[in-house]
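What follows is a set of structures for review.
Okay, so chain A shows up in both of these, paired with chain B first and chain C after.
Let's turn to the complex of A and B:
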């Protein structure tokens, strides 16, 4: 099974590193189909031995050991990368409880969080390189901020301004179905407005299948910088295996 | 879109702008409207309407950028009433706009004279300065342009108003010159302040004697209808960009609507509602497509024709007529027409024509003779075949058929 399959996700993202300013990527998933594997893909890509990129990872959903176990199977040792200062991991499950004890307001909490991110970016910039900020996931960030979505958006805005200023990439995960009852899901819509690339993970419209685990829709708005080039949209299916994810076009698998 | 330019009434002192506005260049007619200055403060609102299919490009910001660069090129060419633009940047940083003007070929060195950027994007709530003052983060700000003026408290709209006016006064050379104000975007502003205070800011700007025009971007799908309506009342022109096709709700899978979405990425429709001073409302709509060089506007009709042409199925035989075939077809004499024997064409419609009546009157004598001769006319002569057949029996003649 060593046949080199074309990585459709990489193709859809336009391959390799973006020059001149990072991009804002939003991953949307739902209960039926988790989009976490896309985050792992980005994590692995940024920490690949071919590059010197750094990652600032804010985790609200899982502890470090969870990511370590998954990435190890994919051939990437997170502990080593953390010691190399290429991965700055913030376990927000712990930090959140610390903030609560001191009875801080949500704004103070997110201001403190922004301080952490900014400092982390400062550290990573010491040799200038590409920095990827990953937030897993925004819905839990919202919970940490007492469901004040406006403050979450303020925090995200400051993260966006980091991407504009220092060329960082920002990758966020959010769940689409949480907002399905809202008429105007302000948080999700505003995140979509800010994103350069939106990746949606959905179940198959035809129902469950054993060898196809879902479909991805990648929308690249193509608005990098101010130079307009029309966007593109790709749709393909995937199958998650232990150490890799296979991507293929609908109907190309027997 | 015909006659859009012709309807414009521009102040007589502004010959150049009015000349541009009157030339009917199809591709830009709606934007010329947005970009031309009017003597009373003119508010244009660009909004993006996108309710169902959220997987598409926010065209609103593209249209906003187009208007901005168009207006700036008018100002540089001194074709506009306003002497400069104050750009309130809430969603994009000043670097972005610097690049935008560079890509549009405007002289950045000269831009100091006609543009001021109020940077509300880098530090809208003063978080950064708070952290920097306490020494917790270093001042990393590297490439921020000197033209950008940092504004650190977006929640205070009164101060924002005075900051905008102050920047505008820097631009204006003489005391009574005017400037334009562009806000990107009001959606961000509405996140920090209530609709009433935002509307207050906009209407204060609108009524300021030195503001020649004011335009802003609003993402209409985020806000409540009443907020949108309140802002619409303030504006005299509203351009809303929307996708060409809306996905049908029944389509669950993305793969089914992929072609539609792809079409939406290439362009959209723009609807312009323009309120005249006398209360008349004009509605216009155009289509636009995204090209490498920027947005290109086309009238709706021509685009529809192209679609109609492409809808004709591709068949092996020719459905079109050549010129010779067309001429030949025109020469064919149809059966009800006289075959060229000089008489006028008579078409029988069930009544006797006048000529026929006269002819009959003349022929009455001869006809009478004929009637006498043919007295037996109208009789039915019937012979029975044989005696077996019963006369007028009710029997079904096909009774013997075994169906």
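Let's turn to the complex of A and C:
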């Protein structure tokens, strides 16, 4: 058996995550290195058996079965959690085609979506507990909203207000490289501004390797009430496996 | 080995097997360890099935699926569909994943992406699968006339390959290359119906088209993407996802989406939402969609968005005919027609990325007929640098003799 490695991501996030309520986390990735595994990590952490947290999951990129398979390998059964009402999963892959039939504007569409999220949060709150809202891929939310990033920003602002109102955490994933060619990527900049923690997944500059899949940069602004980590940038590398992700400092792997 | 030590080892094995759940009633073994007859344990262990207990048993499912040509099981409950190029299938770990969206980034100056699309569609015709082809060309039906024909004289070919391999000595300076060859030979013999080799010079015979349902769509006709989208959805509704019985797998190929001939080429957002919903529909049906687009003709952020939407991302590039420097650097440069890079391999139902040994491959036409992909190989260093070895040798030699002199 191998020795349990310290989870550097957990350390960087301020340990344990017990007092992690009300935080806004932004995950940025690029074509070469997907940051989806960080989302899975958060999903697993929120649904761990020794907490009673609930998750509201808006998926624009993958169907439920995809997450179910991945999380099952990590030791978390999403179907059971969904039946227990600890996971409220919204499959948004077909969102726009539904909206188009009903002749709705994309603004109405996102308003309706927010209504749904709000309702879901209220349902989850019936025993008071920490709620995590996860949005898989804001760039696809943007596409669903007809590429009107202002509407998306409005939607996100509403979601930020939920974090203040109910103490929810908001975890979003976005792709950094989409915006790198734009003059003023207001969507990404504002998302970065609002985030308490920014996690960037990047490929290694030396190219891909089989035992190091990329590096994570965690910037904790320390706004979540935890001042120990404030403003600290942590950088480490990772290797993704089916049941876990190994984190290690650069060069510490033999 | 001492007998006690041996028995101890056996006990460990028994414990391990018990953990694996192989023995249900081995409590007897564990309690009566010292009296145990080592012979029986060994024979019991040998009698057990040899495959690892951790691997999933596909036999039940594959009985129904093996009847459907052109599909095979992949990891994590996925299915593979052949890309029509045996080497590409091998590179991607088995083929295109069913339900995935494959993006091909075109070379603006050369039609290499058509090689991929032609083989992909031809393979579909050979397997009798429903096809949908959309193109900005004036006559999309004309594309069907350019499809290559499969090479059926497989035994003959593999035999002459064997002969080729056996003749005389060969210098084994690229071991990996030879290993790959042998493996592929083995695979081709075993799964000959999964993926065919195509003869690019011979057009597909008539009888493959008969009784086929091939939708050909002219992208120039559709002013906006809604009608096109509806046709794609109705096409995909023929092959709904039903895990119990996969009857057939559909193939969609869209050539040069976003090319300036299309009316909607300036509406990048419409195209994005079209691809997004296409991706959703493809994922919920038994089909693979291959979309090619010209990255140089669209805005960089649009291109990046498409790359993110893709499950599998591939780019093709032509190489200049007479680039003397490249010809020196790479072996077999004369036979190359282009380069193919794999940027992303579909990651459905898993979070583990597939890291390939090499990402760039050379596209070659073997005997001017079939398309093969090979790793790039650096050419052996020619005369001038060869002499440097010699000179360094002589140098050390001279220094040695010098040492002896003194």
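Convention: the second predicted complex is superposed on the first by the 240 of 254 C-alpha atoms of A that agree within 3 Å, B and C clash if a C-alpha of one lies under 4 Å from a C-alpha of the other, contacts with A are read in each partner's own complex, and residues count from 1 in each chain.
The rule we apply is simple: a residue touches a chain if its C-beta (ideal position, glycine included) is under 8 Å from a C-beta of that chain, and two chains touch if they have at least 3 such contacts.
If you're wondering where the values come from, they're calculated on a predicted model, not measured in any experiment.
Taken together through their common chain A, the two structures put chain B and chain C side by side without a clash. In the superposition on chain A, contact of A:198 is made with chain B only, not with chain C.
When the shared chain is aligned, no partner comes close enough to touch A:75: not chain B, not chain C. Superposing both complexes on chain A places the Cα centres of chain B and chain C at an angle of 120° as seen from the Cα centre of chain A, in steps of 10.
By the touch criterion defined above, A:128 reaches neither chain B nor chain C.
Touch criterion met: A:208 reaches chain C, while chain B stays clear of it. After overlaying the two complexes on the shared chain, residue contacts for A:219 are found with chain B alone; chain C is out of touch. Of the two partner chains placed by the overlay, only chain B lies in contact with A:114; chain C stays clear of it. Nearest C-alpha atoms belonging to chain B and chain C sit 18 Å apart in the superposition, given in whole angstrom.
Residue overlap on chain A between the chain B contacts of one complex and the chain C contacts of the other is empty.
Interface of chain C with chain A (complex): residues 76-77, 226, 229, 268-269, 272-273, 276-277, 279-281, 283-284, 299-301, 304-305, 307-309, 313, 343-344, 347-353, 355, 359.
Interface residues of chain B facing chain A in the complex, by the touch rule stated above, are 54-58, 62, 65, 91-93, 95-96, 99-100, 103, 121-125, 127-128, 130-131, 136-138, 140-144, 187-188, 191, 219, 221-224, 252-256, 258, 261-262, 265-266, 290-295. Partner chain C is touched in their complex by these residues of chain A: 31-34, 36-37, 40, 60, 63, 65-66, 69-70, 93-94, 96-97, 100, 139-140, 143-144, 146-147, 175, 177-182, 208-210, 213, 240-242.
Across the complex, chain A meets chain B through its residues 111, 114-115, 118-119, 121-122, 125, 150, 153-154, 157-158, 161, 164-166, 184, 186, 189-190, 192-194, 198, 200, 202, 204-206, 215, 217, 219, 221-223, 225-233, 235, 250.
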